[in-house]
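Next up: the structures, one after another.
Shared between the two complexes below is chain A, which has chain B as its partner in the first and chain C in the second.
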Partner chain A sequence: MKLFLHDLIALIKKDLSIEKHTREIFLVMLIFALSILFILNFALDTEVKARSSGAAGLIWVILVISGQLSLNQIMNLEKQGNMLEALLAAPISRTAIYFSKAITCFLGMYGMALVIFPLYSIFYNTPLNSAHILWISALGCWGYAALGVLISAMTIQTRMRDILLPILFFPVIIPLIVAAVKSTGAIFQGETIGTAMPWISQLIAFNVIFTAIGMISFEYIVEE
Partner chain B sequence: MSKTGTPAAPLLLAQNVQKKFGRRKVLKSASLQLTPGECVILTGENGAGKSTLIKILAGIIQADAADTLTLCGEPFPESAAQRQKIGLVSHQPMLYNELSAWENLRFFAEIYAVPNADERIRSLLQRIGMESRKDDPVRTYSRGMQQRVSICRAILHDPELLLMDEPFTGLDTKSVQILETMIREGKNDQKAILITTHDPMAARQLATRFLRLEKGQLVSQEFEL
Partner chain C sequence: MQSLFPKKYLLLDIIATILILCAAAMVFLYAPTETNMGLVQKVFYFHVAYAWVGMLSFVVACAFSIVYLSKKDLRCDLASEAAVEIGLVFTLLAVGSGSIWARPIWNTWWTWDPRLTTTTIMALVYIGSMFLRKSIDDPNKRGRILSIYCIIGCASVPLTFFSIRGYRSIHPVVIGGASSGMNMTPEMLQTLIFSVIAFTAFYLALLAHRYTYAKVREDVEITKLELEDMDE
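Our next item is the complex of A and B:
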């Protein structure tokens, strides 16, 4: 376990170090997300109540689409120069590689959520007055990263990877996004956490299932 | 043969290794044995399966079947601990373009748990004449320089078995000299070395034995040295 954590930390540090040099993941996601936020300002109803009801859906659409940019980039790092083969030949478990990629993707997406939620609130005068948003969005972002990295690993070896990723990924991610939107929406509208619990349970179930599938199947996906 | 005259125990033993991609059987029954201090040159036409065999031995892909696959007498390469004993040089540098040579080697030193990593990296970079460029991103290096750093990456953890897939491809004279010196040192240090190449003459002075991959099987080949 100690060795696993040591390798995991080394892999994450390496990804963050590359990001520090290139700024190709977080900055791209941020610019993209802010652009959509700005466009929506003109497209949406100006009435505060109407905006509040649709806020959760819009924020998650922004996160999902900008998150896909990070997925492409995170796996592409290992595609260049045969780095995935260098990692597979190293004395580290495939599960550590999987978790490092999922955690890097999660950090990017959750960081984005921490920027987008308050920005949306300020731009659109929508009250976001519950700390529950923090952990609900963390659950949504982790599920997205856990499944996204798995599908990105499948498509990275293909010629049409940029097209294949959204085609394969978005249909499977629908239950997670619906649960994230519904639970976030309930919190936005001032309902109790108990009201959102069925959706939060779905989020947790999705996270557990796809994290387990990722841990088991990542090895076979990258070796083929 | 060992110094006492008894045959040296094989460091690497692979028997009846099989691998197919789709319907195409790339390796039908490849058997190979490497003893410490040996440098075996593996030749074969393009697409013969040389790289596939290297990938199987390095643990990158799994064989469909194999009667025996042992390194130092223990099964490999599925075991992560056993992969610690293997160094891999590919025709691609296997370095992160955006990181410097130092950062790349520091990362690999960490995942290979290399003791006194900074000192080891410094001495290797000095040997390949890259100390002055160690902080520049790898993408700014020439092909030869990248390959020299790649060789450092492969020997950083002092592996018992060195696998080299077309290591001479695209190298300048200086890089070829450095690579040859390192292979000679590896032989002297009783490492086992397997080099694939489509041009056996390129490394003929280094070889202790030649093998050829033909129709998915390994056969001995003789060259006049």
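Our next item is the complex of A and C:
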């Protein structure tokens, strides 16, 4: 276990340090998300009601679409210069590799969520209402990262690569997004945490299922 | 020229053909015309059968994927490929036939009902997996990755239905539902059950054909590679 944690931290540090030097993932993702946030303005126009009632859905759509950029990039990083083969040859468990990638992706997604939620609130004059959004969005981001990294590990081994990721990933992530939108939506509407609880429990259940699927199947996918 | 199609499948073809013809006869001659909906209600006997076969095929593909992962037998991957392709056709037929029925009855081609939405998402998962299959050349890698994707899809689709089941639904619940759905006469029920059985037999026959095609194609590929090796 100690060794596992040691490997995991080392792998995450590696990814973060690459990101620190190249700044290819987080910034690109954030600028992309901001662009969509501005485009929304033209779609929503002066519809005050749509801006607030659709807030949770719109924010998650932004997160889902821009998060996909990071998924592509995070696994492509390892494909360049056959890094993945080197990683697999190293005495590191596959589970550690999987979790390191999922955590890196989660950090990027969650960081973006922390920027996009308040920005949406400012730009579209929609109150955030409660700090519960902080951990609910973290749950949504984790499920997204847990399954996304797995699908991304599949698509980097194909000819179509980046184009294939959304086609494969979006249909299977729908249940998680529905639960995430519903639970954050309830908070946005000013409802109590108790009202949102059925959706939050679903979100937690989906997280557990997707993480388990990811943990078990990552090994089969990267196997040479 | 010797036929590549095994003779034992021929019996299945004959049974399926007879059953399908009988089912069509039952739908148009035996089952009474529904009082309120009229002739368009007859779409229902095919629609339910298509939707059933689509779902069955999805589960079959998933089962073959699990067997592939445990036994690494390429034939299972080919069977899974066959099931996905046929399942996609039937799922799209189910959505299309449902739409044809819904236009005069619901006065709309489409509604965001949990069943409709889940079925279409299932079709999207199928389509995704077909793209995935096309873009991997190595048969072992393809089998591995496709199997995992099939299993993920099979886990995700029921979850999608579960997560949106609370959405308002106007889809009739004919079997096992409350009395709010369509009330069927015994003749209608018999026709429905017969139609489902007939289409299941038809599905099995199609699966056998599609699998044989995949197997022959794979064998040709292997022979080609062997011949190329001999040339070198």
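Odds and ends about this structure:
Throughout what follows, the second predicted complex is superposed on the first by the 219 of 224 C-alpha atoms of A that agree within 3 Å, B and C clash if a C-alpha of one lies under 4 Å from a C-alpha of the other, contacts with A are read in each partner's own complex, and residues count from 1 in each chain.
Throughout what follows, a contact is a pair of C-beta atoms (placed from the backbone, for glycine too) under 8 Å apart; a residue touches a chain by one contact, two chains touch by 3 or more.
Every value quoted in this text rests on a predicted model; they were computed, and no experiment measured them.
Look at A:83: by the touch rule set out above, it reaches chain B but stays clear of chain C.
In the superposition on chain A, contact of A:167 is made with chain C only, not with chain B. In the superposition on chain A, A:17 makes contact with chain B only, while chain C stays out of contact range. Once chain A of one complex is fitted onto chain A of the other, the partner contacts of A:223 extend to both chain B and chain C.
Of the two partner chains, chain B is the only one that A:93 touches; chain C does not reach it. After overlaying the two complexes on the shared chain, residue contacts for A:2 are found with neither chain B nor chain C. Shared interface residues of chain A (contacting chain B in one complex, chain C in the other): 223.
Residue ranges on chain B touching chain A, taken from their complex, read 55, 58-62, 80-84, 86, 88, 90, 92-99, 103, 107-108, 110-113, 137, 153. On the chain A side of its complex with chain B, the touching residues are 6-7, 10-11, 13-14, 17-18, 21-22, 77, 80-83, 85-86, 88-93, 223-224. Of all residues in chain C, those touching chain A in their complex are 69, 121, 124-125, 127-129, 131-132, 135-137, 141, 144-145, 147-149, 151-153, 155-156, 159-160, 162-164. Of all residues in chain A, those touching chain C in their complex are 147, 150-151, 154-155, 157-160, 164, 167-168, 170-175, 178-179, 202, 206, 209, 213, 217, 220-221, 223.
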